[in-house]
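Consider the two complexes below, in which chain A is the common component and chain B and chain C are the respective partners.
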Partner chain A sequence: MNRIALVAAVAVVAVLAAAGPFLSGYALAVVYQTLVYLALAYGWNIISGYAGYFSFGQITFFGIGAYVTALSVTNAHLDWRLGALLGGLVSMALALPIGAIMLRLRGPFFSLGMLGLAQTVRVLISSSEAMGGGTGIYLPVSVNPLVVYEWTLGVAAFAFAVTVAIDRSAFGLRLRALREDQQVAGTLGVDVTGAKIRAFLISALIPGLLGGGYAMYLTLVEPVSAFSTRLELQSIVMTVFGGIGTVWGPLVGGIVMSQISEALWARFPQAYLMIFGGLLVLFLIVLPRGVVPAIADRLKKRGGPRSFTPQAAPAARETVA
Partner chain B sequence: MALTLAQLTIDGLLLGGIYALSALGFNMIFGVMRVVNLSHGQFVVLAALLAAWAYSTYHVSPLVTLPVAVAIAFVLGALVHRFLLRRLPADTSSQEAVSLTLTFGLSYFLAGAGLAIFGGTFRAVPYLTGAFSVGPFSIGQARLLAFVAAAVLTALLAVFLRVTPIGRAIRATSQHLEGAMTCGIDVDAVRTFSFALGSAIAAAAGCLLSLVYTLNPEEGGIFTLNAFAVVAIGGLGSYAGALVGAAILGLATSYTAYFTNAQLSEAAPYVIFVLVLLVLPAGLLGRRTA
Partner chain C sequence: MSALLEVRNVSLAFGGVKALRDVSLDVNEGEILSIIGPNGAGKTTLFNVISGVYRPSSGSVRFEGRELVGMPLHRIAALGIARTYQVVRPFPRLSVVDNVAVAALIKERSLDAARRAAREVVDSVGLGRLAEADAGTLTLTQRKRLEVARALALRPKLILLDEVMAGLTPTEMDEMAQFVLGLRERGIGAVAGIEHVMRLVLRISDRIVVLDAGTKIAEGAPAEVISDPRVVEAYLGAPLAGV
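Now for the complex of A and B:
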C-alpha cells in the first residue's frame, strides 16, 4: 500500500514536470503557488511535527533565501539558480547558530523566540539601505516563470523525499522520541541536541531554497512579502489540517488549503487573515491530529485488529513548581 | 547630552508603566494555565483602536472608553477559554504546543477582524497633547496620565490578587495545581476567570497605549513580544520582577527610538529577550520543568 503511494508520488512529480510547458499562464501560477505552500509545509513539518518544536518563524529562512538570491543576482551577476542554491545554503549555515540558541528553549519559549526572530530580521532589513530598505530590491524581469516553476517543483519533491526518508529512518524515530519526552529520549542514548539541530537545519534549508525562486517570480524582494506572515500562517494551517508529523499530512493539507486560499485571496483579501486564523483554531479543536491520521485510523479499523496507535497517550503530566 | 538622557529616561519609565500593566495580564494567564497567549497583543491593539475610534468619532476620552473595552475583552476572553482552549484534548504530550498554536491562529483572527472593523490605517488619539515643564524636563500630559492610570490599575490588581477569595484562588492555582484542587478550588472556573481577566487587562493597557502610540490592527505581534520580554526578564510568575522588566523595556524602547529610529526600537524587546536567554537560559526554563 505504502509502496504504491510512493510510486504514485514519483509519477505525479514526473507528470507535473512534463506538463509545465503546456500549462496556461494562470494554471502555471496556481500550481506554482501550491508547490510553494507544499514545500513550506513540509519544511515546517520536520522541526515542528517530527521534533515537536513548534516554530512560528521558519519564514525567516524563506526571506533570507530571497535576499541572498537578490543580492547575488544584482551585485555578483550570478545565475539566479546558483543564487537560490546559495540562499538555501546560507539559510542552513545561519540556522546552525540560531538553532543552537533557540533550541535550548522549550515549548512556548522556542515558538515565541522564532516568531520574534522573523519580525526582528524583517525590521533590520527594512532599515538597512544596502538591502533596499522598505522598498526592496528590483530584479531583472528576464526570468522565464517556467524555470522558476521547475525549480520549485524540484524543491517540493526534495522536501517530500527528505520527509519520507526521515519518517522511515532511525533519525525520524529519534526525533519522535524526543518529541514525546526529551529526558527519556536522552536517557535512552539519543543525542537530543544533535538530532534537534539537524532537524532544524533541514527545516531551514527548504524555505531557504524556495525564497530565491519566489523573489525571481515576483521580480522584487521586499521585507513584507519575503518575511510574509501570511505564508507562515498558511504553511502551519496546512500541516495542522493534514496531520502534523506525518508524511502525507502536508500534501493533503497543502493541496486542499491552497485551493481555498486561492479562492479567498482573490475575492476577500480583507477577510483572508481572519478566515485562515479562524480555520487554524477550528482544526485544532475538531481535528487535532489532522485529516490523514483520522482517515488512516478508520482504514485500519476496517482492515482488522491492528490496535497499535503511535500516539499512545502518556499520563497527564502536570507542572509542579 | 546628560539632559537628553535624563529626558529619555523619564519617557522610558513612563512607558514602562503601561508595559507593566500589559505584562501583568500575560503573566497571569501563563501562571494559571501554562498557556502563552499569543493573541495578547491583539487584545492590546484592538482596545487601542477602539479608544482611538471613539475619540475621533465622539470625542470620548480613552479613559472613558477603557471600562467599555475592558468589559468587552473580559467577555471575549471568557468565551475564548470556555469554547476554544478548554476543548483542546488534554492527554497528548504536545498539549502545550497545541494551545500555543491555537492562540497563534486566534491572533490572526483578531488581526483580521480588526482590519475589517477599523481598516488598515494607523490611528492615534490627539488628546492632551500638551506637556508639563518640570525644571529643564518636559513631561507629556498624555504619557503621564497613561502612566498614572496604569500604576493605579496595577496596584488595584495587586490588592485584588492578595485580598479577595478569587484572587487567592488564582494565586493558589498558579503556585500549585494539585494543591489548589485538593483545597477545593474549582480550577476550571479559575482558568476561565483568569483568561478573561488577563484579556481585560490587555485591553486596559491598550486604551492607555492609544494615548502614546500610533497603531494599526497588524501591530499586535509587537505587544505580545513586549509582554513576553517583560515577563522573561522579570521571571515568570514574579509580579515584582515584571515591574523591573517593564522598566528596562521602556527605557530600551525610549533610548533606541532616539538614537536609531522608530523601526529599530521595535526590535529592542526582542534583542533584550535574546540576551536574557543567552545569559540565563536555565532561569527561564527553571519554572516549568517538573
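Now for the complex of A and C:
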C-alpha cells in the first residue's frame, strides 16, 4: 500500500470535516449515512475480514452503544458524546465474555451464533420497560446534526486508521495466519485465542462508538433501528464487494455500491433493489475476492518480477539446507 | 543429565481405538531420533501429543523439565518445539515470506524484523525467488520446503518432522536427509517420522523407535533395531513357515 493513497485518505477526511457546515441538509444526510456504513464496514472487517470470523451480529454493539447513550442522556443528563464514548467502552467490555464464548464456534456456527445474539438482545430490550420497550426512548431534539456528522466522521477515520495500523502490524499478520489455519498458526507460536478476542473487541468498539450518534441523529432509539439488519447487511455486502480483509475494500465497496444504488434508485424506483441484487450476484461470480484484490492481482501481474508462478521459477530448486 | 524431551507412558484413545499405548521415549539435545512404523502405527498421533494438538488420556510429556500436557500450542512453540505437518499446510493466501514471518515473530518484536529474518530462512531453503508469491501457488516440493522454513524460523531446540520423506523424489529425499543431518550440527534435536525409506533412516538416525499399532515395539541403535525380529514382523509380516 502506498503513501500517496494514505495522504489522500487524510486529505479526504480533512475536506469532509471542513465541508460539513456548507453541506445542505440533504447532502449532509447522504454523507452521514455513507460514513455510518463505512465505519460499520471497517469495524466488521477486522474480526470478519482479517481474522476470518464472518459475523452476522456486530450490529449488536451498535445497538448497545445507542441504548447506553440514550440512557446516559435521559437518566444521567450526560453530554451525548460522553454517552457515545461510554457506549463504545461498554460494548467493548461486553464483547470480552461474548467473544470468549462465541469465538469457540467455527465457520457458519459462529455466523449464526452472532445473528442469534443480535436478535436475542433486540428482543430482550424490546420487552424491557426501563429501556422503553418496543416504542423506544425519545431523545432531545436540540442536538445539531452537524455535530453528529463530525462525531461519525471521527469514528470512521479512527476505524480506518486502526485498520491501516493492523494491516501493517505483527498483530495483523497473526490474524491473517489464524484465518488461514488456526492449528498451524498455534504451532507457529500465535496465541490464537488472545488474537481473535482482541480483534473481536475492536470490532465491537467501533459500532459501539457509532450507535450513540445514530440515536441522537434520529432523536429516537428503538429496537428495530438500533439493531438494524439492513445496516448490518449493507455494511457486510460493501466489504465483501470491495475486498474482505483489505484496507481499501470497505471504502471502494462502499463508494461504488452507494453510487450504483443511488443511480438505480433514480432511474428504476420500482425495480432497483432487484437489479441491484442481480448486479451484486454477477459481481461476486466474476470477482469473488472483491474489487480491491482483483485490481491488486492485475497490478502484480503487470509488475513482472513480483509475479512468480511455480512454472516461471524452475531455478528455485536448490538444496534444502 | 536429563533428556531434552521426555515422553512418559503416554496413552491416547479415540473412542475405542487405542492410538497410543503407554509410549515412552527420550530425545537428547542435538540427537536425531527416527520414529518408524507402518501407516497407522501412531506416529502422527504422537507428534500431535508432543506439540500440544492432542491431549493424551494419560502420561506426561516434559521438555527441559517442563510439563507440556495441557499447555496451549503457542506456549509449546515458544519453549522451542517446532513441527511440520505430514499433509503440508501452508497459509495459502499469505506470501511465502509472510508464512515464515508468522513463525519468526516468536523471536522478533516488529513485523519488519520478522520479515527480514524470514527472508533469510526462505533463501536458505531455496525458495528465495518465490518469496513474494502466494504460498497457495507452490508445488508440493516447494510446500515441503516452506514447511521446513517455518519450523526453522521458530529457532527451535527440537523439530518434529512428520513424514518428512513422503511425496519426495529420491534426489529430494537425499537433500532432506542432508538437511536433517545439518540440524545435529546446529544443536537442534529432531524427531523424524518416517514410514518406509530404510536406507535414509539408517543414514540419519542416532536412534530409532519403532511403533506398531500404537505400541513401542523396539528402540535402540539403527543396526540392532532393523534386525530385531519383532520389527521385521511388523514391517514384512511373520516369516512364512514351511516354505
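What we mean here is this: the second predicted complex is superposed on the first by the 280 of 321 C-alpha atoms of A that agree within 3 Å, B and C clash if a C-alpha of one lies under 4 Å from a C-alpha of the other, contacts with A are read in each partner's own complex, and residues count from 1 in each chain.
Operating definition for what follows: a residue touches a chain if its C-beta (ideal position, glycine included) is under 8 Å from a C-beta of that chain, and two chains touch if they have at least 3 such contacts.
Small disclaimer: the values here were computed from a predicted structure and weren't measured.
Asker: Now for A:R104: first (chain B), second (chain C), both, or neither, which partner does it touch?
Answerer: So A:R104 only meets chain B here.
Asker: Just chain B (first), just chain C (second), both, or neither: which does A:V15 touch?
Answerer: neither
Asker: Compare chain B and chain C by how many residues of chain A each one touches, and report the one with more.
Answerer: So, of the two partners, B touches more residues of chain A.
Asker: According to the stated criteria, A:S169 is in contact with first (chain B), second (chain C), both, or neither; which is it?
Answerer: In the superposition, A:S169 touches chain C alone.
Asker: Is A:A177 touching the first partner chain B, the second partner chain C, both, or neither of them?
Answerer: In the superposition, A:A177 contacts chain C only.
Asker: Figure out whether A:L188 sits in contact with chain B (first) or chain C (second), or with both, or with neither.
Answerer: second
Asker: Please indicate which partner A:I295 is in contact with in the superposed arrangement: first for chain B, second for chain C, both, or neither.
Answerer: neither
Asker: Overlap the chain B and chain C contact sets on chain A and report the shared residues.
Answerer: Shared contact residues on chain A (touching chain B in one complex, chain C in the other): 180-181, 313, 316-321.
Asker: Could you list, by residue number, the parts of chain B that touch chain A in their complex?
Answerer: 34, 36, 38, 84, 87-94, 96-98, 100-102, 104-113, 115-116, 175-178, 221-222, 224-225, 228, 232, 237, 260-261, 263-264, 266-267, 269-271, 273-274, 277-278, 281, 284-285, 287-290
Asker: Which bits of chain C are touching chain A when the two form their complex?
Answerer: 51-53, 72-74, 76-78, 82-83, 85, 89, 91-94, 98, 101-103, 105-106, 109-111, 114, 124-130, 132-133, 137-139, 141-142, 145, 148, 150, 154, 172, 175-176, 178-179, 182
Asker: Under the stated contact criterion, what part of chain A meets chain B in this complex?
Answerer: Within the complex, chain A touches chain B at residues 48, 52, 54, 56, 101, 104-109, 111-113, 115-117, 119-120, 123-124, 126-127, 179-181, 229, 233, 236-237, 240, 244, 270-281, 284-285, 288, 311, 313-314, 316-321.
Asker: For a test of understanding, state which residues of chain A touch chain C in their complex under the given definition.
Answerer: 168-170, 172-174, 176-177, 180-181, 183-193, 306-310, 313, 315-321
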